[in-house]
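The structure that follows is given in the form of structure tokens.
Residue numbering begins at 1 within each chain, and the chains themselves are lettered A, B, C and D in the order written.
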Amino acid sequence: MTTAPSPMFDTDELVINMGPQHPSTHGVLRLVLKLDGEKVKDVDVVMGYVHRGIEKLSENRDWTQIILLTDRMDYVAAATNNLGYCETVEKLMEIEVPRRARYIRTILAELQRIASHCLWLGTHAMDIGAMTVFLYAFRERELILDLFEEYCGARLTYNSMRVGGLPLDIPTGWDEKVRAFCDVMEAKVPEYEELLTNNRIWLERTRGIGVISAEDAIGLGLCGPPLRGSAVYRDVRKDEPYAAYDEFDFEVPLGTRGDTYDRYLIRLEEFRQSIRIIRQALDGLPEGPVMGKVPRLLKPKAGETYHAIESPKGELGYFIVSDGRATNPYRFRVRPPSFCNLQGLRPLVIGHLVADVVALIGTIDVVLGEVDR
Amino acid sequence: MIDTIVIPLLKIAVLVNGVLVAVTFTVLMERKVIAWAQSRLGPMRVGPYGILQAIVDPIKLILKEDITPAKADKWMFTLAPILSLVPALVVFAVVPFGGDELFYVTDINVGLLFIIAVTSIGVYGIILAGWASNSKYPLLASLRASAQLISYEIAVTMTLVSVILTAGTLSMIGIVEAQQEAGFWFFFVQPVAFVLVLIGGLAETNRAPFDMPEAEQELTGGFHTEYSGMRFSMFFLAEYANMLVISAVVVVLFWGGWLRPFPNVAALSFLDFIPSWVWFFGKMFGFLYLFIWIRATLPRYRYDQLMRLGWKILIPIAIGNIVVTAVVKVLL
Amino acid sequence: MAETIGFYTLSVLILGLAVLVVTAKNTVHSILFLVMNFLCVAVLYVVLQAEFLAVIQVLVYAGGIVVLYLIVVMLVNLKGEAEAHQDPRRLSVIGLALAGAVLLELAGILVYSSGSDAAVPSSEAVASPVQGNVEELGWLLYTDYLIPFEVASVLLLVAMIGAILLARREV
Amino acid sequence: MADEPKSDDAATDKPPSADTPAGASAADGVKPVPATGGQETGKPAAAPAKPKPKPKPKAPPEAPKGPSDPLPPDDLEQPAFLVSLRQALPAAIEQVSYWVGDWTVIVPPTALIDVLNFLKDAEEASFDYCADITASDWPPREKRFDVIYCLYSTRRRHRVRVKVRAGENEPVPSVTGIWPAANWLERELWDMFGVNLTGHPDLRRILMPEGWQGHPQRKDYPLEGPGELLLESPMEWLRLRNLSDETEIE
């Protein structure tokens, strides 16, 4: 207690290397923490451990092969990545997608959002020490994986969309299963809430932790739930509607304080909104083809475009340049929401304790496959 | 000669082995109970319903390679798990598992203090493990652990004072007998103390939600990060043995030890056919279950919140409890 | 007879450990020897049938205070090289003088007590009413030794307040 | 054409749910006319900018000389922020381009900070959100990089892209002072393209390992690295490894 004022004892910082192998850095994120006691003075975020050069690779694959690569970015929300890419190419080529395909895409994207949020909830709660929520959330995610398996045969990397529509129509009876899943999920969300929302320890661990103001959040380029947690009304589904979102009725939950607890509440509410969207889409599912009129050889005219969708993590943008001659994009760029959100980690973490670092990694919900690409 | 040496030695041998076996089954119980809480099955492969897992787990741990990090302090690194395990076993010497003399090793007149004193030695195991590993995460964890143990020890010891006041003795057996004379379990007169001891016990055994020293998600396993094999399993044994100790202490202090409910109500005497040790172990089992249940349910506290809880909430309540108990005792 | 053997064994252990405490190169090791030393002292108390004192010795010294020493030492060790000691013999004259004074004092006590035969029974008379009996100890503390007891408590309180004050200043 | 999606700020002032029918569905359906028109007019407009017909022989067909950057059709109403930008900084705008609903402003690097500051602060623009910063590489061109800033306004809910053409070593000012979000995006930009960014507070590699040679997203950077080459011809790999600069790597 008397050591600090005395010049005899210098107060060195303790530098701790958190990751790339660490149970709660969600993959291979590495944080170099400078600690004063247990308080974080500074942090350097190091990434790139799963950099596979997807952008470079995509510039050397043809337009359809790229869909497969997009699966490997945010691998817990592969269908959303497919959707964003296909829509960008469709925008570039001005292909009209049949309404039925857009509806099914919406259903897939929302199922994917629920699955991704389930994974987030499980790991986030696990990081804070609530281990049971983890298994509950994975139990429901499993149901979604089953649905995807039935739709496209894969459980993680779906390759489930094509430029111009969908490769397959939904199997018979699939829509009923999705409906049944919605009922299950609707009953399970209160179960999660019961374990966490009003739990004193959970409140103490998340309230007032990692507060970020709306201005800072916009300035830092945060997107998705972290941005909405700071009470910024920003949801690509509403602002720049894609797929069939303009035909559905849903709300965008907003936080008030911009802390970890608000971001938690927002994602839980998004479970409900996603269920709502899926139900509307199933109710209004139009008949018709699932594939639009697409040339056999995809070869967009020279031009470039940026198109964004709302992935579970935030604004997932694709910037694609076509030179009009090759059967591959000249420039393929992904605006990864996890990457941009991860940039917000440093201001969030500084001044908090080591224990909060893991909570904050959890709350911004990064997938390193997407950060590093 | 037989009475003073052979019988106690036999008792000790049975006790130590019994505790170790009980620990392995506690681990199995924890795995099973948490699995059920999480809609899983838990271990199912070894033996019927995975019961033999309790034997296979320790064997696996013993057979694993025992690694000492190159830059570790070898003596301390070896000593730490022993320092952690031995006190956890020693305290069972004064725990009365039943009414008969057969069921306890010794009855010393400062039994309760003995338990507190010896468990406080266990903290050296954790501190030295963290220090001797020569690694940053274990060091942080051991700092956390020592601060946590010391502050909660104060809260628990202060709470126990009010129980001692109620019982008028420090002997474990004396406390149970005091409950028999009083005709009720002390839980009914000291509910606040019971809750405090339970919380403090969770914290002292590093159980969730106070498992910061070994917080896997933050400190990658805490003080035993660098341990493996037999030495790791000693920490493991110590943790669960401490859990058993806390359950036993809570049972003795608040739930009448080996007594049946309302020991002086004649109407309930038909319950007497149940042997006293069954009552004791049944109650202990209940508390073990409670500990595991809490672990499955609650998130983890943050370190500073834990310290705040200990110093600013538990200790003042404990002191208040002492004052109230003393006043009531004088007035009655 | 057995008691005498036990006593001398313990004394040797205690003294040997005490020497190790000051000679051990590694500070953590020396603290560990200190703990063992305390434990041996506790055993000595048990032999003297002062169980309560023994338990308190373990609880307070071994289990509490030395843990805090250990934390401080670990933190200091952590910060790289321990500050280089100046010449350890710089105070050797004063040290020797002090040690000699203590030795003289001990010798004086020894000579004095052996001179007056009454000293031995009287020291036993002080120890006997305790006999590990908690009630009696409490009784003694709150009657005969009330004033020293209260003074000691006040001293601790002052120390506590001082510590809080010192720690508070830098925050 | 007046109901083009993102540009029209009269419509976007309202809460976002109110004007949902714009946006993507319109982008799919209404636009074939400006597209073909833009394509035709754009080509010749962009071509004079790069008078370098002799690129390094890298791909079997001739390497593309640059993006098309088509001009907007004359009958398309320009969004208000472009009009006011033209008034405020007339000299700063090299070209305005339009393609499938996206507006792009091409500015010289020297005017970049002024333009971006205007776009961020001007009331009718208020581009407070820097969605993305990236580049494309056109090696035959003298100014080989197109550095692209994708901006978005959370208040007016419209987008614009600002494009800067920069040569290999031509300094491009960092925009971290305008949007903190640019920090990592520019680090990645530098890591992948080696654009000469000036004034960046923390210009280190972000995805590639420290000490990596070369900038992988450049078009003249080989797709298959020395790793595969090492298996096939070790001596060649050794030679390449000893080259200090990736420009020497063919």
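Basically, a contact is a pair of C-beta atoms (placed from the backbone, for glycine too) under 8 Å apart; a residue touches a chain by one contact, two chains touch by 3 or more.
Please read all numbers here as calculations on a predicted model, not as lab measurements.
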(request) When you average C-alpha coordinates per chain, which one falls nearest the overall C-alpha average? Tell me, please. (result) A
(request) If you tally C-beta pairs in contact for every chain pair, which pair wins? Let me know. (result) A-D
(message) Measuring between Cα centroids, which chain is at the maximum distance from chain B?
(response) D
(message) Counting only Cα atoms for the centres, state how far chain B is from chain D in Å.
(response) 64
(request) Indicate the whole-number Å distance between the mean C-alpha point of chain B and the mean C-alpha point of chain C. (result) 29
(message) Distance between chain C and chain D based on Cα centroids, please, to the nearest Å.
(response) 76
(request) Could you grab the centroid distance between chain A and chain B? Build each centroid from C-alpha atoms only and quote it in angstrom. (result) 43
(request) For chain A, jot down the residues that touch at least 2 other chains. (result) 14
(request) Could you list the positions in chain B whose residues touch two or more of the other chains? (result) none
(request) Please list all residues of chain C that touch 2 or more other chains. (result) 78
(request) Provide the residue numbers of chain C that touch chain B in the complex, in ascending order. (result) 26, 28-29, 32, 35, 39, 51-52, 55-56, 58-59, 62-64, 67-68, 70-71, 74-75, 77-78, 132-134
(request) Write out the stretch or stretches of chain A touching chain D in their complex. (result) 47-48, 51, 53, 55-57, 60, 87, 90-92, 94-97, 216, 218-221, 232-235, 238-243, 245-246, 301-306, 308, 315, 317, 319, 321, 323-326, 330-331, 333, 335, 339-340, 342-343, 372-373
(request) Please give the residue numbers of chain A that touch chain B in the complex, ascending. (result) 14, 16-17, 22-24, 38, 125-132, 134-136, 139, 195-196, 199, 201-202, 204-205, 353-358
(request) Mind listing the chain B positions that touch chain C in their complex? (result) 73, 75-76, 79, 108-110, 113-114, 116-118, 120-121, 123-124, 127-128, 130-131, 139, 142-143, 146-147, 149-150, 153, 157, 170
(request) Within their complex, state which residues of chain B touch chain A. (result) 34, 37-40, 136-137, 140, 144, 208-209, 211-212, 215-220, 295-305
